[in-house]
């Protein structure tokens, strides 16, 4: 049996006034199962701690109950004290007789009775406490970043700058994400490429970063600290080290493909570089559109390439990477615009998406930055921008607000006005969401100085009449229906999780919300971590975000990853679930209960397992276990039952 | 295969040409329409008030009788009948209490309402049972060179749940016209309301609608439009009388029931009686295209 | 005769309600001393068996405090608790124990006042119900 | 014009009646105006459909019952099919009509229709007009 000592604190008069501390120490001293009991003015003080340590030595105590203030205050103080006296820190229990007793009661006899129950229950718990050490596991000090948009780039650079290796996996032929497609960016209107390309180059040159483009994650095993990730890299058919981006190959390639970079407004060849500043700086052969990789079918490009960079025999490769942490930064895509039939996208070439309009505005775009509409190349004099296309429409489309479209629609209107001085931009909106630094000023300036006409109401339908787009809208502020004959219409399409990220989420066993955005561990306090230990999030994959938000989150994510990678081993609280193999029936109920995926079934023995590193100790599985096989270290069913008995017995 | 069909009140008088042409066309497709017995007016519009069961009774009465006649389906020509019958049926079936009340109320009918009759619009039957390609093969008199717009109006496509095609971008009428050999031009206003019963109390509004709608079709290159609703047909065709008076620039346009064009395409001859029921005489254009 | 002093076990999750109870203390709010606390990491640790045990061993009321929906430190622990408690209430009824002897409340770390008020109300309620008759339990 | 709104106006009995008849929650409306921008009759209405929804939220049903909007509505369901919140606005219009008609307000009778019209109008037109406008 444990040799238990009970120490009762007066906390000056804070406890003593309502709890008869002397009587209590006398009472516990008189109990058979207590070796020593005493009370003292301030147990947390140095002399107070000395008293405890001395008693441990003198009475050979191997368990201590400290009846004092809330454990949130001094639990660690007393744990340290008993550790110094040679005990395991789990051989100490704090009985909270201040916040939950003396401070909330006036009646001294009643307070004393309750304090004795609190201490009594703590004693029962302590009796069955095990000595535990934090669990730990070695760790691979390398991180993987999936997705090379601005968020992924920022995360990778920050982690790599801290001295850790980073492996970046990007599914497209170049990094850069959507930001590289943008013209100028709100709220400062600086050129997107001017601020992004230096970072892309930095990433490519960084000694700590390995970049895999045309690649996707296919599988993951292991857990925090030690993941094994399987990556599949598509054949590029061009050796990036040899290719000197002379573009001779694409000039001879007979195949034209709508350019992804230009959102289908321009063309590329089947052998191409997505955009001139692409990283890696290399051409890529798009096998899906190539006429056939042989001189019989075509073979023009290889014939032309003087650098001999083209290799038709290339094949996809699959490889495994070991990493300690994984960051998802797979960004977003736009909601399928065809879903909004009443706006006539696809039917009317001059109804374009917001990203297409970015390309039209961009100096590197299909029109060289001159605003021209797709149908006839004319300069549009009246442009209607429609906000909330697909967003905030739970009935037909998506219920959430896409957060960035208010701002970029205004930016579009502004940039358009800068380029077409006599042009008139109209914006249909329901609400203007401009809650960022300098955002409101950006909005007001555009309304008052550039005469962007904001109209509060949703557009019902777009017709074409001759070469005009007739926009039927509503001005809910005047209560009048408005009709605008525009030369062009720009749809602020909703932001959705990037296509394919649902599959990635399944592979990574990461949680997503009902719209498919990756779930953070806590919306306020753990916004960059996912629920899965070791899996982190950055950028628009978690929710629609603009660049400032994406970058802030990316750096926050990097910091969290660095915290993880900075230690040799990962430590984890030992207050976790356990399984008694003999009792476990293999029913598997615990597995479905665990929010962290910490439960698994040993298929051979049909006994449930607990992953010590993943388990957070919530106890949900234990309460769910029908056979009592699942228990929690230092909070077993027996411990709880014994505590209950103390309370149920009262002062009988 | 015979198709049991529900005509509705107007097909027996003002829209007789709708019925006659449908019968003629479907006979030629070997799917003759067989009129159900003992039908009554469906009420024409679905009542949206939750507590007004009385206004559903007319529709339900038809369905009970169809059930009693062992019909598992009813083919409807008129958009309004289609909409009203289907919604009434669903509305009553969706709530056991309503069902119970309606059954009690109709105790004189020979069987209680079970809701087993499927209500289908002829257009969807053409699409789903025959198919456009097959239909095209049956055409003996292609409507070549006829540029015609489909007019959907409201009730073929709204509410979404009862729409016979995509409620924002339907193609079913254009597909039919295409199969018949005509050139179908979708025009912007093809889903816009004609003003419906407002034609009684707000005649000028419907005249304005007719002007806008037909101009929209005209601007898209249509020489005529087709509809599947006698109310639309009234507003768009008969109301052209007032439209011409009020808008000197207005260029009248014939309005067909889709079945009239079907009948022609499948080889039936134009019945001069039909012409009498049109306000804008359709014969010149039909003659012009060599169809009569 | 001495007034009936109910015996109440309070299971509090350490992140929300336990902290809320501490706040009631630091704010010096007063409530009856009948409830004694057992701290768990999450309310989802509480096994219905424990609650039944509390009643069979002689408690007159059981209180469970957890984080508000959506605030659970462990994502969904409190939803699990809610479901279990709802089920248990029907079982209690079958056992002849009034389900209102068991109470579940969401009390956050900032709701010291709510904790104190809840304790007052619940204690008074149990006082009104009187001691849990042992006879009911032996039938089981 | 200033209107005074008190808590008694919000969700008053008439609002409840509208919600019951139409099966719609008027507070779902977030005033996007889509119902109005697609409404073919909006030019002839004194309150636009979104204003109808708004007035219902403020409890001003009396005002709506006295207004002409519901009589102009053609029940074309365009508003209902487009509403991003899935509100059956046409159903709300019908509820307003219903309340009025049950109070014998706005009811049309055969005498309101000229003999000429009565002869000329097809049954479908007359029946629907009477169904919608006489209860």
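A, B, C and D label the chains in the order they appear, each numbered from 1.
Throughout what follows, a residue touches a chain if its C-beta (ideal position, glycine included) is under 8 Å from a C-beta of that chain, and two chains touch if they have at least 3 such contacts.
Only a predicted model underlies this, so the values are computations on that prediction, with no experimental measurement involved.
Each chain gets a centre from the mean of its Cα atoms; the one farthest from the centre of chain B is C. Comparing chain pairs A-C and A-B by the number of C-beta pairs in contact, the larger count belongs to A-C. Mean C-alpha positions place chain A and chain C at a centre distance of 35 Å.
Averaged Cα coordinates give chain B a centre that lies 65 Å from the centre of chain C.
For the pair chain A and chain B, the distance between mean C-alpha positions equals 54 Å.
The geometric centre of chain B is 26 Å away from that of chain D, both derived from CA atoms.
Of all residues in chain A, those that touch two or more other chains are 342, 461.
Interfaces, counted as pairs of touching chains, are A-B, A-C, A-D, B-D.
Of all the residues in chain A, the ones that touch chain D in their complex are 342, 388, 392-397, 430, 456-461, 472-476, 479-482.
Those residues of chain D that touch chain B in the shared complex are 20-23, 40-41, 44, 71-72, 74-78, 80-81, 88, 90-91, 94-95, 98, 108, 112-113, 117, 120-129, 131-133.
The part of chain A that touches chain C in the complex is made up of residues 70-72, 96, 98-101, 103-107, 110-111, 113-114, 117-118, 121, 521-522, 531, 575, 593, 595, 616-620, 622-624, 632, 635, 637, 640-641, 643-645, 647-650. Looking at the complex, you find that chain B touches chain D at residues 8-10, 13-15, 41, 43-45, 47-52, 55, 78, 80, 153-155, 157-160, 167, 192-193, 195-202, 205, 209, 230-231, 234, 238.
Residues 341-342, 461, 463-466, 470 of chain A are the ones touching chain B in the complex.
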